[in-house]
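Pasting a structure here, questions to come.
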Amino acid sequence: MDLGPYLVLATLEGAVTAAVLALTAVGLSLVFGVMRVVNIAHGEFFMLGAVLAWWIATSVGGHPAFGFGAALIMAPLIVGALAMAADMTILKRLDYDPERTIVATIGLLYIIQQLTLMGYGPEARPVEAPFNTRLAIPWFEHGLEGWQMIWPWGLGTTSYKLAVIGAAVVILCGVWAVMARTRLGLVMRATQADREMALAFGIPVERVYAITFGLGAGLAALAAVLIVPIQQAHYLMGADPLLLSFIVVIIGGLGSLPGTVLAAVLIGLSDGIISVFFSPTLAKIIATLLVALVLVFRPQGLFGKRAA
Amino acid sequence: MKALVLHLGLLAVLLALHFVLPAYHHGNLARIMVLASFAMGYNILFGYTGLLSLGHALFFAAGMYGMGLSVQHLGLSAGPALLLGVLSGAVVSGALALLALRTSGVAFMIVTLMFAQAGYLTILHFSEWTRGDEGFVLALAGRMAWGVDLSDPNARYIAALMLFGICLMLSLWLVRAPFGRVLVAIRENEERVRMLGYDTFAHKLAALTISGTMAAAAGAAYGILFGYVGASFAAVQYSILPLLYVLLGGAGTVLGPFIGTLFMFYLIDLSSGITTAYMLIAGIALVLLTLFAPQGIMGELRRRLWKGLP
Amino acid sequence: MLLSVKGLSKRFDGLHAVKSVDLDLPEGEIRALIGPNGAGKTTLVGMISGRITASAGSVIFDGEDITRLPAHRRIARGMAYTFQITSVFARLSVAENVGLAARRHLHGAKARKAVAEALDRVGLGARAEQEAGDLAYGHQRLLELAMGIVQHPRLLILDEPTQGLSEGEIEAFQSLIRNLAQETTILLIEHNMRVVMALADRITVLDAGRVLAEGTPEEIHANAAVQAAYLGGGDAQTG
């Protein structure tokens, strides 16, 4: 394949990565923004979403769409509920102390991951997509008879991948609507702006925290359900989304939702394109170093404004 | 004085155990002493200076690979290779300190985590030199120091004890010296220390470098004594383990890292007979410790019984 | 002049907290810095001690320009700063608190002796081994002072040292400061006008980031502008 079609393909794959990444990272960013804590177990909530999706999909018989549909609704709810329980039993007792919360969520990471290993096993298992039509993409080439349309072999995508991108856009708009237009969003933003003031105004800050933590984890799980027909469910699959979400949240400016989405698109797309030229390991090295250096030299993120 | 007797007493007990322990526990204890040295290095930064690093695997691995690569590719013997390992740990931790110490709190944790992750990936990337994930078994030449074969269990135990003894006495001396007491004050209130006229950045730089160098010494020794160098020692798990050891044993106590390593090692050892998911124990321990005993074992002891415990 | 401040200014995003302040402090003087809340007093001494970087202007200490030096280097040159909000090391012993301050320039037995002397001087000698966080508030303020004294500073900056002290403690504090003034220069931010009038050789009045007036306590007392801006306020009577 020529470079042109190859780049189109990489961009499409990158867009799928970006879509899923944006959902996961927005979850992490929401938790950081409102609660001011870093959730290291975020990747495990993602993994749990994928594993639950497999479990639900295989339990529900009939057409794959039924199983997938059930997973799409139930897995995020279950994960969200678990996260809320973890918030109320653990994080609340730590008084959301930033450092102790990180240590506790590292513990949570191992607990979730290892319990999954014990219950689900070390295998990687697929979930069948509800629909999966192959779509070929045409390419234009200047040949002997002027411009002509050709169908390069391997240049194509599936209806499901396009649906993932569409679903992510819809969900992100939903998150935005919740934050901007509902009472819950107002209360969350108020808590984010000034916790003490929120308490003084009678906002049930503890409940807001639990809901935020659940919502963040639920978004990660939702992203995982979307990706699991493309990528298989495995108990160690949480590490990469965690790392990438970190990169996105830090580059986008800690706690800023628009910055996070913008960074997710940028990272997702460039991840696809960079891996055309570099080995994936080298791409990851560059990305992690970039994040570390951004935090050292530009802690407000590449797109963020310096906080007053 | 009392403190000196206590710590020397522990070394004497460990020496006596050399002659009486059955082979299995003898081998375990050698491993525990090396890992405890790693944890003691971690404790200088976390327990005494109050900086929580999530990247100490980088220093452990810097020592291990500095040693291992020089054995493998330069054909050095254990002594010079160990020194090279320690030196590379000092360089890596010093360089990281210059960057990471521009941040604090949560950002410091994430920055150290990211740099360590980059280090881990770098080891994987240069696999023609490092043999990547698979790692390599150390050539026998690299396990000989001045005619002593360190792969022999007896020599190994004594070597581990020597490393442990040096790290223990160094820690004890350091935290009671004026320098160490400034570190403690930085942990308690950095701004106040600065306004007493101390260069807090220089102190933290020194603390991180000492901490990283000690971790590197443990990493290099681990490679020599147990004969294997692998990328898994650079993975994030090896940044979490010293944190776990120190939290369990008691952050900011000289004996805490050893006690924590001892307990955790045997806890995992016992549970690995029951399940392959032994890291579950580590996870549960982390959560329970942060919830109920943030002081750790020796910290509780200090609070209840012996206020002056260093 | 021990300390000479020229055109010192500080702008925080949009807020001009200190506007081009000049201040000359000769050796051996007790200078009080007064002014209503938000006048910029703490910001000004923050810029003198290096806690806060100045937006413009210069600080000359003992004939040398220290404007660009970081705080710890300024302290090492002979400034000592005690905090407005008590910030002793709560989990360390009283002696260790003072010891940390002493050991920057003294070592071993000399440091221990200096610590004991400083603690005796503020009357905390009997509490040396207590944990600083367990001290009563007034005693913590005295500990702050001991941490300043033990450094044998050439310039001692005290930020509201009598805040929260009882009448009796204030009496003791005044005689302590008079005693100290024989060996060091003192820059004192103070709200309590009785303390100011009793101690200060000269007074600088700050209002809205500017120097409103400067003079002896009598002159300041008679100054109409100061009366209007500050002494007339409820703050002064109750302070």
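Every chain is named by a letter (A, B and C) in the order it is written, and numbering of its residues begins at 1.
Here, contacts are C-beta pairs under 8 Å (C-beta built on N, C-alpha and C of every residue); 3 or more make two chains touch, one makes a residue touch a chain.
Chain-to-protein mapping (UniProt): A = Amino acid/amide ABC transporter membrane protein 1, HAAT family; B = Amino acid/amide ABC transporter membrane protein 2, HAAT family; C = Amino acid/amide ABC transporter ATP-binding protein 1, HAAT family.
Keep in mind that this is a model prediction, so the values were computed, not measured.
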Checklist entry - Most contacts: which chain pair? => result A-B
Item to check | Innermost chain, where centres are averages of C-alpha coordinates | outcome: B
Item to check | Separation of mean Cα positions, subunit C and subunit A [Å, integer] | outcome: 53
Item to check | Inter-centroid spacing, subunit B versus subunit A (mean Cα positions, whole Å) | outcome: 34
Checklist entry - Using CA atom averages as chain centres, what separation in Å is found between subunit B and subunit C? => result 44
Checklist outcome for this item: Flagged in subunit B as touching 2+ other chains are none
Next on the checklist: Help me check something: in the complex, which residues belonging to subunit A touch subunit B?
Outcome noted: 38, 90, 93-94, 98-100, 102-104, 106-115, 117-118, 243, 246, 250, 279, 281-282, 284-285, 288-289, 291-293, 295-297, 299
Item to check | Contacting residues of subunit B [partner subunit C, same complex] | outcome: 178, 181-182, 184-185, 188-189, 191-200
Item to check | subunit C residues within the subunit B interface of the complex | outcome: 49, 51, 70-73, 75-76, 81, 83, 87-92, 96, 99-101, 103-104, 107, 147, 151
Item to check | Of all residues in subunit B, those that touch subunit A in their complex | outcome: 52, 54, 99-100, 102-103, 105-107, 109-111, 114-115, 117-118, 121-122, 124-125, 240, 243, 247, 275-280, 282-291, 294
